[in-house]
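Chain naming follows the written order as A, B and C, and within any one chain the residues start at number 1.
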Amino acid sequence: MDNIIEVKNVTFEYEDGEQKETVLNDFSLDIKRGSFTVVLGHNGSGKSTLAKLLNGLYKPTSGDISVDGISTADEKNEIEIKRRVGLVFQNPDNQLVASIVEEDVAFGPENLGHSPEAIRTEVDEALKAVDMYEFRKSTPHRLSGGQKQRVAIAGIIAMKPDCIVLDEPTAMLDPKGRAEIISTIKKLNRENGITVVLITHFMEEAVDADRVIVMDSGKIVADSTPKDIFSNIKLLKDVGLDVPQTTELLYRLKLGGMNISTDVISIEESAQKIYDAIHLEEI
Amino acid sequence: MLKDITFGQYFESNSFIHKLDPRTKMLLLIAVIVFIFVSQNAVALSLVALLIFVSMILSKVPLKMYLKNLKAILPIIIFTMIINLFYNASGDVILSFWKLTITTGSIYRALYMAARILLLIIASAELTYTTTPNDLTDAIEKLLSPLKFIGLKNAVHTLAMMMTIALRFIPTLIEETQKIMNAQKARGADLENGKLIERIKALIPILIPLLISSVRRAYELAEAMECRCYNGGEGRQRMKQLKYKSNDFTAFATVTIVCSAVVAINIIL
Amino acid sequence: MSILEVKNLTHTYDGNTPFMHDAVKNVNFSIEKGEIVGIIGHTGSGKSTLVQHLNGLLKPTSGEILLDGKNIWDDPKKIRSIRSRVGLVFQYPEYQLFEDTVYKDIAFGPKNMGLSENEIAKRISEISELVGIKPEYLDKSPFDLSGGEKRRVAIAGVMAMQPEIIVFDEPVAGLDPRGRADVVQMISDYRNKYNATVLIISHNMEDMALIADRLIVMNKGEMVLFDTTENVFKQYELLKSIGLNVPMVTQVMLSLKEKGLNIPDDIFTVDRAVDYLLTLIKGGNYNA
């Protein structure tokens, strides 16, 4: 697999009044085409800045970011980079432009100047991909949070991006909405082959990722498989992340002397681990 | 309490009038309004009234809805009638007291003016009943597009974009206002009582959070639009294309004939 | 006598309003002084509509709300005084901040109650200490604070009115673990200091298991359960049927029980689960 995004020695600073804040310092990261990467970090770890750097919304202070070999600093490829790397934000309300669902989804392709017939097909396909086709004539303020966020995702998908970056897309949703979004994202990755970078502070959303990156104060503190990362609960807690109760339970049992690993999250797997560990003690 | 702006007063139907191109409806409304005022006598005005009446039937919008609309402007109609009743008297005197006189001419005039306002309101209401605000926005954008030839290209696009965003965000902001009002009421804010100055002061705890949140929304929306390759209308295409169909030509022809008749009647009578 | 009693509360919205509102149908419950009661149910179950009746923001279509035995709508003109007795903290309360200093913002509620400057100052210093807002923060603009700090200031603004009952709608939504722990601490400190009654709406069953004495379960506008947290979480099947869940740790325990281990059905917290499982191993009698 080749890399779709390459971040090389990027530093990002912004001016807050007279002070200069450094958000990222000498940061490097490659994203493989077709992969599902989860970036974990708490508020202020620099993960949102990273998201906006990946599609050229922000430009690095130094270093270089390239998408398919094109540098995001290159002004004349600005539109093409944003098309290839779509960005979905936290608040679904503030991403929707039009008051009819299908017209909102059409906004991206319209800006790209596609033909009306092509836009129609792109819009229909995108709405079907996020399972919102039947709501195409509805209006956003009548939809639930999860549905609005799926429309926002469709608005990005309609531009036929190679990669989507989602910046805490579930932070403002209820448990049902969260589940809808996570399954939609997984589906887009598996069935449509879209590269996904999911930025979140919910550890359980990283379970099915190919790769998990943990960020803290603008640096990568861990970069590995979910299994590997989850077996280091202390690190996750130290950087202020949400640890699901199942993981917490396994971790505390381990601290209490049980011979058990903490690398699973689901209810069933956790129960199985505990069951096996108890029976191991028996022998 | 609050009207749903997304659909405005739109009444869902599949009538002849609903299916007309929104541009057709807008242009014809303007024509009809002009000819309501061009009509100089009862015969000409009756002709315009007949046209409006037929289109009302074709729209399949219940008469009840039109009447509801008229109720709101009844005071204006009555006021106009009273003013006209004592103004510009001609013809036989029917009643005379103090400095006021009512004549057959003034009664005729009062009724005539009332009829004009009535027709004006009905015709405008018909447009909003049969066309969604979204379609109206598209129609305005298209109708104003010739302005781009005189160097106002961005102005037309910006206006249309502003209307689209306004339609999208008004419900969100109304809901937000409601939330903030409730939150401040829960902190004991008194929004209903007090003198005018106190009431205006009581709005500050609502307006400031609303303003802050609107600015935040605007900033986030701008970023989101940029991420969706928005470039200020340069090279922008639209999914929904407006196209005139045969029905539109029928409508144009009918209105043109009626308007010509009005002009003819004006000249003859 | 119960401090708060809700009798046959019904609220219907007329169909013409553009926004989604959830009706409430014939809800009855009473709450004792000093209790912490959780309200669970998913979006659209009527939770928010229910709590907006408790301080008179909404007027019941039928039924009544008794505060200390008195119907709060007995004198509609005095409904504002109810709001300082029943505090309501909305979801994302930081969005209601508007003053140029933290002090003035917290003072807004007490001022509306008509308290003297001295009394207001006294209350603010008391509440700031209780919730951990440092004195030097009081002169800062609330808009310069971090998200978690803003939330604490906004909550303090309601607490400064010293309500006997305080209702929270998703008080920890959108906060990181640290911010969540702070807010939960604030709530329990407030209750302990003023012997206040607390109602909390939350989606988070794990938090509920930790703090709630009793739970109200709402579904489609109706109250389907009102019982101790323990008894509610024992009704795993019922909760599941209306799209709710028991805490994750309880689900793990249920699964272990199914596998044949000797597990009681009242384990709702990680602490209790760890204690139980570790003693189970030491004792050696695993199987049921």
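The definition used in the following text is that a residue touches a chain if its C-beta (ideal position, glycine included) is under 8 Å from a C-beta of that chain, and two chains touch if they have at least 3 such contacts.
Values in this document were obtained by computation on a predicted structure and should not be read as measured data.
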{"item": "Shared interface partners, meaning chains that touch subunit A and subunit C", "value": "B"}
{"item": "Pair of chains joined by more contacts [C-beta pairs], A-B or B-C", "value": "A-B"}
{"item": "Farthest chain (mean CA position) relative to subunit C", "value": "B"}
{"item": "Inter-chain centre distance, subunit A versus subunit C - centres from mean C-alpha coordinates, in Å", "value": "31"}
{"item": "Distance from the mean Cα position of subunit C to that of subunit B, given in whole angstrom", "value": "46"}
{"item": "Intercentroid distance (Cα basis), subunit B paired with subunit A, Å", "value": "45"}
{"item": "For subunit C, residues contacting two or more additional chains", "value": "18-19"}
{"item": "Overlap residues in subunit B, where contacts from two or more other chains coincide", "value": "6, 171, 175"}
{"item": "Multi-partner residues of subunit A (at least 2 other chains)", "value": "141"}
{"item": "Complex contacts: residues of subunit B adjacent to subunit A", "value": "6-7, 133-134, 164-165, 167-168, 171-172, 175, 216-217, 220-221, 223-231, 235-241"}
{"item": "Residue ranges of subunit A touching subunit C (in the complex, touch as defined)", "value": "42-44, 141-142, 144-145, 171-172, 174-177, 201, 240-246, 248-249, 252-253, 256-258, 267-268, 270-271, 274-275, 278-279, 281-282"}
{"item": "Subunit A residues touching subunit B - in the complex, by the definition given at the top", "value": "52, 55, 57, 79, 82-83, 86-87, 89, 91, 93-100, 102-104, 106-116, 119-120, 123, 139-141, 152, 155-156, 159"}
{"item": "Complex interface listing, subunit C residues touching subunit B", "value": "17-19, 52, 55, 57, 80, 83-84, 87-90, 93, 95-98, 108-109, 112-113, 143, 157-158, 161"}
{"item": "Complex interface listing, subunit C residues touching subunit A", "value": "18-20, 42-43, 146-147, 173-174, 176-178, 203, 206, 243, 247-249, 251-252, 255-256, 259, 261, 270, 273-274, 277-278, 280-281, 284, 286"}
